Structures are given as C-alpha cells and as structure tokens.
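Just passing along the structure, written as structure tokens.
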C-alpha cells in the first residue's frame, strides 16, 4: 500500500493525462506503472520528473542500457525495492542479457563489499587521486 | 588516518609482497594505493580481494569501463569517499570522458531523487515486473 | 512477518501494560500499533523508547508536525517502510495537508539528488561554513 | 579534493556565469559555494539544478526554514558531510536558533534509532496505515 | 517476487547441485533457502559466495554467533529485510537467546542514533584515535 | 569542523560538567572526546545519551566487546567516520586483537556484499524464517 492513493486514468487532471499520454507514446504500451500513478497527485512534480527522466535516460554520452544498470546499482545501494524492480525490467527491455544481469549483481556485490572494508578501515584518500 | 597502519613495502609479508607485485604488473605502475596497504595486514583477505576484483573488473559480459561507473554509483550511494575517488580515477583511466562523467553524475542524482520519492510514497511493485 | 512475535494485550507483562495504557491515553484511541507490540518483549526498551519519544515529539522548539516530517525524511533516506508509513500517518493526523505532503516528497527527492551529486563530485566543504 | 576541478569565475562559460549571477542576486552575497563551482562543468545540470532548487526551497506549502531542516535530515541519513554543512548554514541563515538546531539533532537521532529497531525487528505494517 | 526465477532442484546445473549438496551437508537439513536458489543462475558466483561464507562464518578469531549478530547489524543498517530475517534465524540457530536478541536490537538502535547525531553535528575525529 | 562549537571544560554548564565528571570517572582518563563536547550544548541530550550508553554498553546479555564490534558494524554501514574511529578505539581498549579486527572487517565486507546481491535479486523471504 502507498502513502497516497494510486490514480486511475479516470481520476487524472488534464495536465496529468497529457503526461500519461507522453509516457504511453514513448514506451509504445498502454501500461503506466504505479510510480507515475502515485506521483500524479502533484502534477508539477509529475511533469518535471517525466520531462527530466525521459531525456536523461535516452541516448547521450552514455548508452541507455548502461544508464539503466547504473540506476539499478544506486537503487540497490539505497534499498529501494520498487526502483530495483522497475529499472531491472527497463534494463532487460533495453537488451540486458542474463549474463549481463549476473555480472551487474556481482559488481554491485563487490562494490558493497569494498565500500564496507574501506569504511571500516577508514583508508585515507591517496594524493594521486587529486584531479 | 586509518584504523590500522598503512603498510610500506618494507613491512610486507612475502605473500603480501606477491600480491603487490601482481597489482603493479597488472596496472603497469609502481604505485600501490592505500586500500591495499591497509588490507595487507590480513593477507588472506588481500589475496582473496585482489584475486576476485582483478578478474571481475576485467573484460566480461559488461565492458570494464561500465563496471567502473557502476562501482562509482554504488560507492556514491553508500557515501564511501575513498571508493568514489579511486573508482572515478579508474574510470577515467579506462576512457571515461568529461561528458560521460557529467552524465554519470546526473544519472546518479536522478536515481537518488526517484529512490527517495518512491520510498516516501511507498509505491507498490507492479505485477508486470514479475519475471 | 517479524523476527519476534507481536504481543497481544493478554500477553503483556504489567509494566508493558502500563506503557500501552499510556500510549492509549496519549493518543485517545484503543489501537496500539505493531512497533510497540514487537518491542513489548523488552520492557526496559519499551519504557525508555515511549518515554523518550512521547516527550521529544510533543511541543518544543520545533512544531510537532515539523518533527513528524523530519522523521519521515530520515525514515525515507534509511529505507524503513514501516517508519515511513507510521510517521506519514502521524503527520497527517497532526495536520499535514496533501499539498504539504507533496512538497515534503519533493524536498526529500531534491535532497537525495544533490546528496548524490555532491558525493559523486566529492565537493570540499567551504571555509565559510565554519561556525 | 573534488573529482572535477572547481571553476573560478574566470573559467565560467557565459551560461554558467548567468547562473552564478542569479545565485548572487538571490542570496545578496558575492560568495558562490563549491557545489556550484563543481557543477559548472555541466551547464545543463547547473541551470536545471539551480532552477529547480531556487523555486522549491522558497515559500510554498511548507516554510523555507522547515524545508532546510528536512534537507539536513536527509543529508544526515545519507552521510553527505558537505550537504549537512551547507544546509545547516542555510537553516541558520533562515532563522534556525540553537534550540531548534538541538531539537533537530535529537529528532534525527530518535528517527535513526527507531528505524534501526523497526528494521531489526522487521515489524509488519499495520493495516490502519492504509490510506 | 525476485528479479530472476528461483531455481528448483530439478533446474540446477551439476556444479550448482554440488553446491546445494554442500549446503545441505553443512547445515544438516534438506532445506535450501531462496538466496541460493536465486544465485544459482550464476554458478561462479554461487560457488564463490558459498565457499567464502561457509569458511568466514565458521570458527575463527570471532565466535560464529558473534559474526551472525554483526551480520544482522550490517543488514539492518542497509535495510535488507531478507538478510535480517535469514541471519537472525541463523543467530538463533547458533544460540542467540531472546535476551541477547533484545540487547542486539538496542545496541543497533543506539548506534543508529549516535551515528545520526554525530553526522548532523559533523564532529571532527579526535587526534587520540590515530593508531 | 563541526556545525556547533566544541565546548571546552571552562564553557560547560554545571549539569554538563557533572556528565563530563562521570565520563572521566567511568573511563579512568581525563580525556573527553569531541562527541561529548559537541553534544554539551544540549544538556538534556548529553545526560540522556551518556546515561543510556554507559549502561547499554556495559555488561549485559552480550559481552561489552561484542557490543563495540556491533557498533562498528552499524557505523560502517551508515558511513559515519567519527563513529567508526571512536568505537574501533573502544573495541581495541576492551581487548579486540588485530586478528579479531581483521575478521570483523571481513564479516562487514561479506555482509555488505550479500546485502547488495540479495537486494539486486529481490529475493523473497522464506516461509521458514517465520517465528
């Protein structure tokens, strides 16, 4: 259960409906996932978030699939179950194979492990890392 | 300052020295960074960690540069300053341009943002994400 | 499911029952939520936690509603679903409107975003912030 | 040290300079803090972040001081030292007294404490929290 | 639901089956929990993770029960529900009494509390802590 | 630098001085570390925190050394550098050997690793973990 009701299509304001139309067009599917239905109560945030993410997660200096995997990595470290699910699904839709997924999980695990060891050891930053 | 002394080359055990030699050979530089000098007190952990990371972070189902950026993403979410510095440096050494770095920072920021919004809203996982 | 059984009213020790009576009196409702039922196994912790929170979250230098929103913010960043739910409910009970809730979610999202960007960039603290 | 050089005024692009001018005008001071100097390499992110934050952190459904304290709370839970410093300074500038600061610290501490206890106990969410 | 299917015994590769046999023999039970069934898709990670954990969590410089409690503490701070459940169960199986569990929860809570207060106050590290 | 001034002995209120006297007596040293000097501005919090921690971290169902190591584990996962330093020093003072410290670091690292893998895989909790 959410801390706000999820909005059905019938309950959307005209501005929210326009964002949902844009989501459907961009993804080529009628399905709009729960994040947007929870956010639709705050149409300014809905417009801004979709506007920002739809550009950022498209082609750029990094490949869209790479960006989805980075998203999964951050979401995992933050313990956001919903975000892990939605961005793992998005990564698969953009071509992440089972082998790539397995390696992503291993890299996340290794990073978590050395993050913990480094922090427990309080290793000082090397001067050579200075830009 | 660290919670253990950083070991100089002179203080290394023979097994630790062998790992340092492997690090130097793999990287083509005499410089060995502080993480390994802190870990060198525990030669089992030193061997195991270098053995695992040197394979995992090399070529595989994912590009080595992509894996460094995933490492930076996890390290950022965990707030590990040392790890952010060392893996950002590694990513640059593997070809991360300023544009790629800027986009990495933006994706991390966006993921953190929606992680927070999703968790505050407690959005339930969509059935369609089920594998 | 919890890692300890939730205690029903019948299973409470006399000291635990006294705390539950205080919770019911303070809140004007017979309902006692699961956190206290899980904590009731450790009556010292139950007394101490209720004693501390009931004073701290009441009137003080900060408004009680503001304190509930700060609680939601911390709970969100820590990924504690139960805590997000219980303190969002408490904030609503203390007068948080839908507009205030939406703005709270946006501020949490923005803070998470810049936390990530600042940490990825490892921005050094400005001297002017020194007190 | 940062993972990118901090840009001096002389090194700013015209678009970045315009954002710095806006920051100076809004705050009534010539000082521009390090976050913006690190972000100035990515002028799109600089414009977007300043544009968003300057509106969000101003008057709205919540008081600007309350929003700064929420920002401190999130930044603390995420362990972002820079962010704790900069937003504590901003909160003081907006009127946070020593008593309010002390209470903020206590509420953050209490929230962290019960977040940990609830997560260790894995307390299930009460049905009554459903909206 | 998981982001990969959980593998039944029938679906295991020979190498994965060998690890499951080792898990069953070490624990003296036919039950293999879901973590290993999710990890079994990546037999290298399965072998490596079981090999590492089965040694590390056994007798050593620290008592196995103490190590399970440390595991619960880390898992709680990271908000990993599954890990809290599985390692609390393991700690109980290794002799953690209800009184020890209650004290573990209190220590975790206290550590979270002072972590938050220290970070909000940005307390500088004392010179005397230098090793 | 801290977000509040650190109080010298001369600046303490009588109630704060009484707590400092208790800290000195309990530890058998004149040195009082920075956490207490930062907290001394809020004498209620100072009394309450010292009162709680001095009892909790003493003998109980768990050994005081074990409790310090649990404290280090939580502080590491939360990225609190000060807390890692102060509680590692406390653990050493209570008898943590170099071998125990090394094993603590390895267990923290392993827990972080599997926390990340479990969260990335979104492994569902086994029914058998139900108490």
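In order of appearance the chains are A, B, C, D, E and F, and numbering begins at 1 in each one.
Going forward, a residue touches a chain if its C-beta (ideal position, glycine included) is under 8 Å from a C-beta of that chain, and two chains touch if they have at least 3 such contacts.
The shown structure was predicted, so the numbers you read here are calculated from the model rather than taken from an experiment.
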item	value
Maximum centroid distance from chain F, chain identifier (CA atoms)	A
Furthest chain, CA centroid comparison against chain E	D
Inter-chain centre distance, chain A versus chain C - centres from mean C-alpha coordinates, in Å	27
Centre-of-Cα separation between chain E and chain B, whole angstrom	21
Chain B and chain C: spacing of chain centres that average the CA atoms, whole Å	34
Sequence positions of chain B contacting 2 or more other chains	1-4, 45, 52, 74, 76-81, 84-85, 88, 102, 104-106, 108-117, 119-122, 125, 129
Touching residues on chain C, where the partner in the complex is chain D	1-4, 6, 31, 33-35, 38-39, 45, 49, 52-53, 56-57, 60-62, 66-67, 69-71, 73-78, 80-83, 85-89, 97, 99-100, 102-104, 106-108, 110-115, 117-126, 128-129
Of all residues in chain B, those that touch chain F in their complex	1, 3-4, 41-42, 45, 74, 78-80
Chain E-facing residues of chain A, complex	79, 84-85, 88, 98, 101-102, 105-106, 109, 116
Chain B to chain C touching residues, read off their complex	72, 76-77, 79, 81, 84-85, 88, 104-106, 108-117, 119-122
Touching residues (chain side chain C, partner chain F) in the complex	1-5, 48, 52, 125, 129-131
